[in-house]
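The chains carry the letters A, B, C and D, assigned in the order they are written, with residues numbered from 1 in each.
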Amino acid sequence: MLIHRLRRLLYKHLEPAGWSRPGLSPANLFISALIVISVVAAILETEPVLRDNYLGLFLWIENSFFIVFLIEYALRVYAVGEDPKYRGVFGRIRYIFTFVALVDLLVLASFVVTLGSFSTYWMRFVKVLRLLRIARLGRFSKAMTAFGQALKERSYELVFSCVIALTLLLGSSAVLYFVEGDNQEAFASVPRALWWSVATLTTVGYGDVTPITSAGKIFAGITALAGVGLIAMPTGILAAAFSDAFQQQRKLEEEKKQQG
Amino acid sequence: MLIHRLRRLLYKHLEPAGWSRPGLSPANLFISALIVISVVAAILETEPVLRDNYLGLFLWIENSFFIVFLIEYALRVYAVGEDPKYRGVFGRIRYIFTFVALVDLLVLASFVVTLGSFSTYWMRFVKVLRLLRIARLGRFSKAMTAFGQALKERSYELVFSCVIALTLLLGSSAVLYFVEGDNQEAFASVPRALWWSVATLTTVGYGDVTPITSAGKIFAGITALAGVGLIAMPTGILAAAFSDAFQQQRKLEEEKKQQG
Amino acid sequence: MLIHRLRRLLYKHLEPAGWSRPGLSPANLFISALIVISVVAAILETEPVLRDNYLGLFLWIENSFFIVFLIEYALRVYAVGEDPKYRGVFGRIRYIFTFVALVDLLVLASFVVTLGSFSTYWMRFVKVLRLLRIARLGRFSKAMTAFGQALKERSYELVFSCVIALTLLLGSSAVLYFVEGDNQEAFASVPRALWWSVATLTTVGYGDVTPITSAGKIFAGITALAGVGLIAMPTGILAAAFSDAFQQQRKLEEEKKQQG
Amino acid sequence: MLIHRLRRLLYKHLEPAGWSRPGLSPANLFISALIVISVVAAILETEPVLRDNYLGLFLWIENSFFIVFLIEYALRVYAVGEDPKYRGVFGRIRYIFTFVALVDLLVLASFVVTLGSFSTYWMRFVKVLRLLRIARLGRFSKAMTAFGQALKERSYELVFSCVIALTLLLGSSAVLYFVEGDNQEAFASVPRALWWSVATLTTVGYGDVTPITSAGKIFAGITALAGVGLIAMPTGILAAAFSDAFQQQRKLEEEKKQQG
């Protein structure tokens, strides 16, 4: 029947798993582009200068995207019935409670919630929430899975690096709290000294807080040199992990190309 | 005939492809040196102190180089007729519209355009344009090609790194916009917070914008630590890509030496 | 007898060497958690705002942990008699003077010493000393040993890197002392210029001290570029050392799993 | 004869090439330690606070070291006659003009020159010159040779990295000169903008100069992100070069041990 062929067509073009060729279907590429545009719009809207001058444009974008994403959501729920796992009405309800479908629903909710915003604090929270629309892109990315797997395999090394990093952070904070604590408010406790410590060991070095005594400068110099080692550790581990993940991903792509 | 032998000689010494030995011909080495000198002169001319004191010298350099490059350009157009692809008058016109020849023409134009400069804005634009003379060196570099190829082969990894970098930049900006937006102008919108975010995640850390609340400092610290990972990713990928490119380049050079 | 079976049980659960399965025994996991909590409490206590508001809570935590760690210490000394090396009263005394047992004793002392603190300087010293409780975690970590071994094997490279780093630090300090010494207090001697030098070569770049003369900026720029090389050296060495250490550690874990 | 055996003994203990066992002879270890101490003294002497308080001590150290190094120099010149290349009076004169012997002579001169120093500028120059004493250590280091060799083998890659780095530095300076030149003195010419460019691309980020316009911040952000790539390049190249150099050095040491 026509209705069945339409559902199959929708499933093929909307579900990444239903698309047999490598890459994304044209429909999903279009949706991805819309997601990127809606995120960019949500970012620009936080800027008061732009918001005040183009309020109408932003409202029009929000409304249009809400309608498009609503239709897309409805079609997705309808089309997923093609998959034996989500057949029938109860199957559709099960699908609505899967992780990716809940993300889609949350994004739809982020469009509606704008209307009832009152305090500036709550306003900002809603605006930041809207940036989570970018999470919808995750559904289309298989690289993410391979990448997460590679990190998992090296979790032991990463935990060990974190423990060493924490010990260095703690140690340097404690020493600078000891030698500079009397002179500066910013070193008056270990948690406060941690702010300086993070900025130094990651080699960010804002310079808003720096030691002023000779002893403080000597220990800060040692900390800065230790920071070079701190960066060397995860660099080596992550570089190897990423290299592994990408090689694996490439193999999978090639296998798919040979099959498809 | 003498004219044919002269054209062949010019082609051999001016066209990198016409030179059979490894490296550059003496004529092209000389031209490369002139390009470097003209770029250095263009850089130094932007400095008001130097420009006001040595105006005559700069004008003399500009004029001399214009004449030399004009002659070189004419000789190149004449000599390229040696190549079967660009034979005859129409061949020469085809050559003039190739990418490298257009770059040469643009550089020649950058000498002439100086005369008709009026507003300071336009003046600065012309001066910056002149620095593009360095692009002429690209014609002599075969390493560039091998290097571009190596980057292309790893484009998948690089795009993935960029996506993760953008997500980190966006996420940290959004969080700091949320917690610091009320306190500081520099965090009053996500685009404004991005400036802080880029400086922190790349570990540049100018320090012109830093969080002042405790919550802001905690999230900024996490961002700084994430920046270490952000740097580790492209370091691994690019280091491997460069290593591949240089090995390939070395092989090509050795093969050429054995042949030449 | 019951007393012997109890001692054997205590030994098995308290001594990491006595535990036959991979990982830590539940008792030691609990003790590790307590150590982490006591360190976090000691960190937070240095913050005047928290200390003044939750003085009672901090005192209660200190006292409770002292009692728990005291009991744990007594049980450890008792249980260690199971090991033939530390049998009998004299064996126990020998055990008390081993490195790990002395660390435990020092941590116990850090609880008691709080009571008799007078000057603010001495107070801060005691508070920093308490953070050394984290050293107790070292007893449970076999990764630390493998890691130390890997660093030892590359000590030659690391010493060489340190010598080059010191030469760069010294050289850039001397040059900036020479060109900027008259203009700024921060460059008025080589040791003072070292503060700037460390911040620049490690790419921390606080910005509290920067050259102001042209000559100073030129040499500072060269120093900053040299800093990229300075970071590249230990990154390569340490990344390789860490990679070796973790691979060795993984092998040991797998061998233990096959045996256990 | 006694005099010949003494000369042979001196040669064996003073000339690194004459020492058959691995490492340095006790005499040379002692000299190395003296060199390090004399450099440390020269560094500390530049600090006015220390110099004014311990003037007598510094003078005593300078005088003592001068005498010791003078005797050592005389003994070296005498002992080198053992080497067939430098036999006789003319051989000794030839030796005095070798690079290592000239360095020794220069260091001796740096002790004497102190006496006749007048202007503060000249004073500082003499003090910085004294730090060159550290160059004397070079004579004892075989690692330096292997290291230099490894860098030489990768000179092609390093030159290529430098060219890319220079292009990035130049390009970002030119762009920021164009967009920020009207607003800030620090961007009023390309050479001035280079100071900001170096600080940003090396991720040092002093923060004494930062763009203030939106366009400037956007291009500065792109520059900062490009800086990550700039650092990745030499990191990969140098890490590989150092790894090669150290492996080669280790092999040589092992071979010497098996022979010695």
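Assume a contact is a pair of C-beta atoms (placed from the backbone, for glycine too) under 8 Å apart; a residue touches a chain by one contact, two chains touch by 3 or more.
By chain, UniProt protein names: A, B, C, D = Potassium channel protein.
Source: prediction; values computed, not measured.
*Asks:* Validating interface symmetry: for the copies subunit B and subunit D, is the fraction of residue numbers used by both over half? Same or different.
*Replies:* Interface between subunit B and subunit D is built from largely different residues.
*Asks:* For the two copies subunit A and subunit B, what rotation in degrees overlays their C-alpha atoms? Round to the nearest 5.
*Replies:* 90
*Asks:* Any idea how many Å lie between the Cα centroids of subunit B and subunit D?
*Replies:* Once rounded, the distance between the two centres reads 32 Å.
*Asks:* Centre to centre, by mean C-alpha position, how many angstrom separate subunit B and subunit C?
*Replies:* It comes to 46 Å between the two C-alpha centres.
*Asks:* Taking each residue of subunit D in turn, which ones touch at least two of the other chains?
*Replies:* 203-207, 231, 235, 237, 239-240
*Asks:* Mind pulling up the subunit A residues that touch subunit B in the complex?
*Replies:* Answer in residue numbers: 39, 43-44, 46-48, 120-121, 124-125, 127-128, 131, 134, 143, 147, 165, 194-195, 198-199, 202-208, 230-231, 234-235, 237-240, 242-243, 246, 249-250.
*Asks:* With touch defined as at the start, can you tell me which subunit D residues reach subunit A in the complex?
*Replies:* 203-207
*Asks:* Can you check the complex and tell me which residues of subunit D touch subunit B?
*Replies:* 156-157, 160-161, 167, 170-171, 174-175, 177-178, 181-182, 188-192, 200, 203-207, 210, 217, 220-221, 224-225, 227-229, 231-233, 235-237, 239-240
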